[in-house]
Amino acid sequence: MNHTLRISPRLFALVPAAVAINLVVGTIVKELSLPVFLDTVGTVLVAVLAGWRAGALVGTVSQLLLGLLTGYQYLPFVVIQWLLALLASLAGNRRGYAAVWRTVVWGIGAGACCGAVSSVISYYLFGGITGGGVSWVVTGLRSLGASQPMAVFAGSSSTDILDKGIVIVVVGFVLRALPRRILGRFPMAARAVGK
Amino acid sequence: MSLADRAHPFTAGTVTLALVALALVLPTTSGTAALYGVTIVIAIATGAGVGVRRGLLAVLPIWILLFILQGVLGDAPRMTAPWGGTLSQPGLQWALSQGSRLGVIATASLAFASVFDPHRFLQAAIARRWPFGAAFLLVATLDAADRLGAQARQLREAQRTRGVRVTGSIATRARALPALVFPLLLASLTEADDRALALETRGLMIQGPRTAIDPPQDRIVDHVVRWCALVCVVLAIIWRVRS
Amino acid sequence: MRFVARNLRVRYPVQERWAVDGIDLEIAPGHVTWLTGALGSGTSTLLLALAGLAPRLTGGERSGTVLADNVDVAAISPLSQGIAYLGPSPALQISGIAKTVHDEVAVGPMNLGQPRDTCLAATRDALERLGVGHLADRAPNALSGGETQRVLVAALLATRPAAWLLDEPFSALDHASTVRLQRLLRELAAEGATVVVACDDADTMLDVADRMIVMQQGRIALDGDPRDLLASDAVHAAGAGSTDAAELAREAGMAAPRPIRRADLIDLATRGRTDAG
Amino acid sequence: MPADVALRMSGVVFRYPSGPAVIDGVDFGVRPGEAVGLFGSNGAGKSTLLRLAMALEHPVAGSIETLGLPTAGRGPEDFAPLAGFLFQQPERQLFAASVRSECSLAPRLAGWGEARTADSVAEVLNDLGLTETAEEHPYDLPLPRRRLVALAAILTADPQLILLDEPTAALDVASRDRVIGVVRDRARRGRAVLAITHDAGFAHEALDRGLLLDQGRVTHDGPVRDVIDDRRLVRPAALAVALALGLPPGNDRRAEVAGALR
């Protein structure tokens, strides 16, 4: 990020806010002890409103910040944030947030892709271990006799489909309920909900 | 003020990155295990000992799973375990090396986090003519996360006074989610425009050189330590490539 | 700094209505100009346009010209041209990069790249002049609304601007702080600065403003001496509010020109009472 | 079932863990039909007192009864909708896509039927002059209007005790008069109001009684005009003229003073 990359003041205001949303929504969900993370709402929201590059930037800064709180052993998973930003923006260009069922379809699709990539990462870098809920699923499947790659893939993608799927559905609800004022300021949002 | 607090922010950063790089580069289990020991010593010596405990907490679950998945359920050749069962030889080897690698990364980064002062880092970045945008983004994000966190706590109280129940069955708690999350998103998006205005009117978008108000001291010892860390990493890479 | 607006029209995105709908205006240094009007009259938009922030940052469109010392304000970052703008919501304008109030006040000079000792001297003077020296070591996020407002004015003062564009700068201040800021605005104008204040409270601006501009639906409805306008019916007719005393006198059926200060109304009321008694 | 006293605090002491006493022995009550103001400098404990009344905080000593129910062992959701609480920057809790649906939240959570909810929402929106913006998105309204929506959203469930923290902050004159009207109307209809304010005009026009708080103790409890003494709060013109003309408390508001001046 150097002087040449002319980031508009709006992006300098939006990115910190979106990273804060990623962290704070994740904390709210943890406090409600719900069985999902939902720590990528900010990434998806900005990817739809300001394009996948902005979304990827939000994901990257979120990962850097998370590293300060929980350690940088999960830094390689920043790739998932980039992928999710790309898919969220893609969905936006194809009116993917216009109705609940569309968000569910895109949610499952994005969740499966993210799950697949994260299982590859966790398989090669962590031998299928990442700590947290998904690893216990993997261990369970392994002990049932599933092969290591199979267990890791099934474990990662099932939890990611649930988590990323809910994030995209939630962002869908938000986008469809945005005031005219914000829709006017973010033309991509209007297209994402098919207005 | 511990050693780590007094050191120049870039020094603490460089040492941390060096340890992480070494953890990824060093091949053998004995190498990564030794490095984990070195990391613990450095953290405690420089007054960032709290990073050791936090790092341990972060990787303990991973170690247990590594042992089960790789050690117990790993492939042949097997070896007899002290309690009579069998363990996978390569699996255990891999678990120990990967486990200690993750231990180094977690301990180093959490030790660094415990002494990281974002404002001091920003002053250092300004003094060294780093691109202001990147340093600003990191510090402004930490600030935004604090503010939004406080806003979320107030919102939870406000919605409870309107009758939203946040405890009880999983369905009740899930139903509370929109009331606890959507206002934050709407407020953040609306206020992003006012924030953008403020960034402009406070001069944070000016491209010119900036003045560091109280830049941290960058002593000779800081330079020496940074160079040493760099040299270690380069040596490790050369050694790894050659062997 | 002299502002000249010619046939200025400004509109926000998605909105058909022009928030500022054809304004010709000249604002000279050395005076305090007070903008007022009902909600939606366009005072805030005019301030944003004068600062070069609308439409560059707010989106939407602008037609006509706004010149600050013959330079079009649209292209420049206000602070680097000596224009200090303070928006209506204080908390959102804290920089987010300062650990203490002292560093927050130093953010302006820091960004302008002024020499370090100049920055520190300007910061000290500004803290003292706004009476917020005792907050110097506090965290900027932990201040009350009023304290935040005073710290922001100090932060702008530290850059020694030639022009001040302030949107509701008194909104969160208690009585003592209001008096202090009133005095400061008078001093800044006397020192040759151009001061423009959008404010909804006539009693606060009565003894501060040299010139009163009442806006209605994006146009200038009235432009004159506050003391004359506030005593007349014109302000109410233009949808704005006069002072508390004048509004009470009007509700009591008194004809214009009416008393605009509380003390004058009391004299009138008690003298009227003794004559009748 | 309105209790004879809407809010009672006896011998209340409150401190944050290992901190000084923020509320240091407070006894007072608010009866239905009363509109009471809480005055005092920043840090005197005003907000804490309001939070204690809504069971957002609990005292270390003494007892609090909100609408006849002890707050001990209860949370704010147990008092909704009988008690309503307006926070500072209340617009930050809005999330519905229209003013009408935002205002329907509290009544629905209280289990009201559709018809009863719709009637209550219509009435409150009319009181606050928001009827024509009922289908608008709250975030499309200017900030003062959005704040009125937040106030409307707590009034639609008809709370018996209305707790307000700086209800007229950042409002334009027209919106402020709406708030004054609503507070006086609810008091007249037997609801109890307890409001923190630094707005002398609102205090004089809308409130009857004033409690002055200093370092966690009530140092004055009497007619609100005693607290508006030009030292702490600048007297509005109506009060100044009323005092000059010797008009008694309760007959010294704007309308009466305007009449006397004719």
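As written, the chain order gives the labels A, B, C and D, with residue 1 at the start of each chain.
Assume a contact is a pair of C-beta atoms (placed from the backbone, for glycine too) under 8 Å apart; a residue touches a chain by one contact, two chains touch by 3 or more.
Everything numeric here is computed off the predicted structure, so don't read it as measured data.
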Chains adjacent to subunit B and to subunit C under the stated definition are A, D
A student comparing B-D to A-C should find more C-beta pairs in contact for B-D
Most remote chain w.r.t. Subunit D, using mean C-alpha positions, is B
Note: subunit C sits from subunit A at a C-alpha centroid distance in Å of 43
So, in whole Å, the Cα centroid of subunit A is separated from that of subunit B by 19
When centres are defined as mean Cα positions, the distance from subunit A to subunit D in whole Å is 42
Residue numbers in subunit B touching two or more further chains are 136, 140, 143-144, 147, 166, 178, 182, 186, 190-191, 193, 195-198, 200, 204-205
So subunit D residues touching two or more other chains come to 95, 139
Residue ranges of subunit C touching at least 2 other chains are 57, 89, 96
Within the complex, subunit C is touched by subunit A residues 9-10, 16, 180-181, 183-185
Contacts from subunit C onto subunit A in the complex sit at residues 12-15, 57, 59, 96
Per the touch rule, the subunit A residues reaching subunit B in their complex are 1-3, 5, 7-10, 12-21, 23-25, 27-29, 32-34, 41, 45, 49, 61, 64-65, 67-73, 126-132, 135-136, 138-139, 142-143, 148, 170, 173-174, 177-179, 181-182, 185-186
Listed in rising order, the residues of subunit D that touch subunit B in the complex are 54, 56, 75-77, 79-81, 83-85, 87, 90-95, 105-106, 109-110, 139, 153-154, 157
Contacts from subunit D onto subunit A in the complex sit at residues 95-97, 137-140
